[in-house]
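Structure first, then comments.
Letters A, B and C name the chains as they come in the text, with residue numbers starting at 1 for each one.
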Amino acid sequence: MSAKIKHFPGEEIETKDFREGKVLFESFHPKAKYAWSAGIAISRFLEELKNGRIIAATCSKCKRIMVPPRIYCEKCFKPTDGWTYVKDTGVINTFSVSFIAADASRLKEPIVVAIINLDGASEGMGIVHRIGEYGDWREIKIGMRVKAVWKPPEERTGAITDIKYFKPIKE
Amino acid sequence: MSEVAIVGVGCTGLRPITPELSYKELMYEAAVKAYEDAGGINPREDVDVFVTCAEDYLEGFSIFDEFVPDQLGAALRPLFTVSGDGMLGLAQAYMLIKTGHFYTAVVEAHSKASDILTYMDIVQFGLDPIFNRPPGGHPYYIAGLEMNRYLHDTCTTEEQCAQVVVKNKKNAILNPYAAYGAEVTLEQVMHSERLFYPLKKLEISTPADGCIVMVLASEKVAEKLTNKPVWVKGIGWCTETPSLETRDWTRAVYTRIAAEMAYKEAKITSPWREIDFAEIHDMFAYKELQHMEALRLCDYGEAGKLTEEGLTTLNGEFPVNPSGGLLGMGYGLEASGLQKVLEVVLQLRGEAGSRQIEDAEVGLAHTWRGIPTATGAVAILSNVK
Amino acid sequence: MFGKKRVAIVGAGVTLFRRNLKETGKELAYHAAKIALEQAGMELRDIQSVVMGTAPDAFDGVHMKGEYLADGAGAYHKPYTRVFVGGGTGVFAPLAGWWHVASGQFDTCLVVCEEKMSSCYPHPQYAFTTIFDPILERPIGMNLIWIFALEMNRYMHKHNIKKEDIALVSVKNKRNALDNPMAQLAANITVEDVLNSEIMAWPVQRLDVSPTSDGAAAAVLVSEDVAKEVTDNPVWIDGVGWCIDSTHWTDRDLYYPDYVEYAARMAYKMAGIKNPPKEIDVAEPYDPFDYKELHHMEGLLLCKKGEAPKLTREGVTQRDGDLPTCPSGGLLGCGNPIAAAGMMKVCEIFWQLRGEAGKRQVPGDLRTGVAQAWGDLMQYGSVIVLRR
């Protein structure tokens, strides 16, 4: 890139060169499995999800109601003081309509993902989740009100997917 | 005159499993303890830089740096992650303060080994993908073959290596932070299964969970925060080579070079005489001996004899691993370097309880990054400015 | 002013950036480091310490890949540290190099950034799923593009920005890259091309995004005394800044990168910059997506919040404008081998200030330049201010 450098190293190849045997390679699939302890705050959050409720943590100093909950307030750097339920309704803070899946393959039906600011939590507090039952994706707007659609109680396992998605509601 | 001191430490203790806490909560606990210990500093205002030490594949996330700020009080503050051992993080904090632009720094490292279900596969994933992984095998064979060469070149005996286990596990009984303290006999160690000939099962330290946070400060700030500052007199670190095929198997060259850097800065010419005790990386028992020699505490081939003769026990002339080492405390993955520094700090402050070494003034902390690396660091600490 | 030592960059080098390079990660690091040393007129034995910047191990497919790359980076028997702050690594690594020398601990430091994303099979995209929280986010099926799309949508909504204006950045940078011999995606495209390109995750379309790449970049940092010996034209690192925001990205309003502002303020304070738009002659903000250049320009205090699209429309950020931005072609034009991309920006500012940028040279007497990178979960800002 400097005018003084005359040659930039790098031999370009194409993906098909591997298939055609022009470039030799080693492949390896790592066995990387983990079981993360959810810890105090998220364990409670997941248990409450199983019960069809969303719980937040409160800090007496900055007065924030925080979701996802945590045992320490990162703003004040002190332990959070209590728990409180927030509603399973909220407002779309931002959203995206994706035509690609996690592995970069194309989707026929788009997935709509959004950050939802939950009612009852402090301003700006949100969780990320999918939007479903939206009709035409071009109708989705920032500021739309949405409500959680839960799995039936017997299917819930204490996971974020106990909520299937949030759907737009008219209020 | 030193310019940088360790002014606060916090440790959750090493434990085999910690199912009730997430790694974030473990970090929060250690951080709170460290800030309290550092004169009650408020990380939101009083800390200039934060350094965390982590490797993605030990945590199970890509870009582990994302997940660390909140629990350390570093949200919207200058923080970064070093992909390395806690002592490499300590070196960064040390340099940052020495630039004169930063006065207080925090260093963190932890292990949540119990969250890793396939630990050995992860270690194997660290081997060279073209040359070393395809043959397969449990990666600790690398330690086995190094031990074999080391014993061969230095005429150290297997009994001398086993004696390290006896000593360290016994020391660990006195350490409330240790996970695996125990009374084991030489026979038990010698008869434990030869998993990677000649390396035996009881000679391999077991992973444990835990988090250690330390607070460093420049001279002026240090003297305001604590009346027991522990000065960093010298620090060195070195990577020999990632290549298994070309490295030196006997002499732990990475330790030798790191030690020379640290000794030069600390103006130490006769380590055995000028240093009072040392915390040396002992992930495998023979490593304690190999590292002692690389640290120039004694000549090649002598470490085994000194251990056999009891000179490195708690009451000996030069205690090595009074904490119980990794064999006794547990192997805290990237936190193991800070396990070493922690013990040196506690000893120099007179806070080592029943492990206390009398009149300790200068201590050495040493770390190695484990299989398959040839990377290590050395720090010389003192309670005398 | 105890201990405050000046640090200069005296040589830099990059490899080609391509989707798929034959070289291994070690070889890429070696090539970049070798060029940097040659340009500096120095040898490996003059180097006392090495800093490596490289992003997720999952791409190269080696755990502790810093160790694996050490010999390629020249760290044989040397003090070697790898720093890793996600996408911010490319600009952060030279910051780490800065304190190696500014502390007085070393007189010289070689900073190398490498990325070999093509090793990740079938596509590096998939490795990005592991950057998300495993309990709260991965089960939703989070994809990296989504998080940018969420941010882009919020930014557009907040300031009522049209995609046409954002697309101008992609057009500008890909065109700038035509003058960059190492660039991957240099092209002459139009705003229509961008708006007609495949929708990936609305509002992100294919031509809004930079690609995954292989590549490496490196620079030699030295103390003032050494700089005097090796060059007449040192470029000083006058300001360093970095900042990380809370992990809880869903609790933040993504329309503005506070963390970039905090990092910029830290760097500007050290460099004595009080009026960034006037005092900075050339800028290389991180542009993995076109809207990001705008987002970061505002975070770097180069203009008011929401004003960046207007400046782009008016041509202010062209090479012959008042605030040339991404004259290199940026990531959109050159490619995005994460850490190497950020480092490439630092190298570009270095060459621009010295007048060595060839066809990309911004005209005029350039004195001060800034490079910035972003990283983690919309969290990290690293900023460097270079001066001649």
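In this section, a contact is a pair of C-beta atoms (placed from the backbone, for glycine too) under 8 Å apart; a residue touches a chain by one contact, two chains touch by 3 or more.
If you're wondering where the values come from, they're calculated on a predicted model, not measured in any experiment.
*Asks:* So that we know how the chains sit together, what is the shape of their touch graph: line, ring, star, complete or other?
*Replies:* Shape = complete; every chain linked to every other.
*Asks:* Would you say A-C or A-B is joined by more C-beta pairs in contact?
*Replies:* Higher contact count goes to A-C.
*Asks:* Can you figure out the chain closest to the middle, judged by Cα centres?
*Replies:* If we average C-alpha coordinates per chain, C lands closest to the whole-structure average.
*Asks:* Using Cα averages as centroids, what's the distance between chain B and chain C in whole Å?
*Replies:* Whole-Å distance between the two chain centres: 34.
*Asks:* What's the distance between the Cα centroids of chain A and chain B, rounded to whole Å?
*Replies:* Centres of chain A and chain B (C-alpha means) sit 36 Å apart.
*Asks:* What is the distance, in whole Å, between the centres of chain A and chain C, each centre taken as the mean of its C-alpha atoms?
*Replies:* 26
*Asks:* Which positions in chain C are in touch with at least two other chains?
*Replies:* Within chain C, the residues that touch at least two other chains are 61, 63, 134, 246, 248.
*Asks:* Going by the contact rule already set, what residues in chain B reach two or more other chains?
*Replies:* If we look for residues of chain B contacting two or more partner chains, we find 57, 60, 69-70, 75, 122, 125, 129-130.
*Asks:* Counting only residues that touch at least 2 other chains, which ones in chain A make the list?
*Replies:* Correct list: 28, 30, 34, 36, 38, 42, 70, 74.
*Asks:* Which of the residues in chain B come into contact with chain C in the complex?
*Replies:* Those residues of chain B that touch chain C are 3, 55-58, 60-63, 65-70, 74-84, 88, 91-92, 94-101, 122-123, 125-126, 128-130, 236-243, 253, 257-258, 261, 369, 372-373, 375.
*Asks:* Any idea which chain B residues touch chain A in the complex?
*Replies:* Checking each residue of chain B against chain A gives 18-25, 28, 42-44, 57, 59-60, 69-71, 73, 75, 112, 114-118, 121-122, 125, 129-130, 133-134.
*Asks:* Quick check: in the complex, which residue numbers of chain A touch chain C?
*Replies:* Chain A reaches chain C through residues 1-5, 8-15, 17, 23, 27-28, 30, 34, 36, 38, 42, 46, 66-68, 70, 74, 93-104, 110-111, 113-115, 124-130, 137, 142, 159-161.
*Asks:* So in the complex, the part of chain C that touches chain B is made up of which residues?
*Replies:* So the residues of chain C touching chain B come out as 1-5, 24, 55-58, 61-64, 66-71, 75-86, 92, 96, 99-100, 102-105, 127-128, 130-131, 133-134, 241-248, 258-259, 262-263, 266, 270, 375-377, 379-380.
*Asks:* Where on chain C does chain A make contact in their complex?
*Replies:* 12-23, 28, 31, 35, 39, 61, 63, 121-123, 125-126, 129, 134-137, 139-143, 145-146, 149-151, 153-154, 157, 180-182, 198-204, 214-215, 246, 248, 250-254, 328, 344, 347-348, 351, 354, 356-358, 360-361
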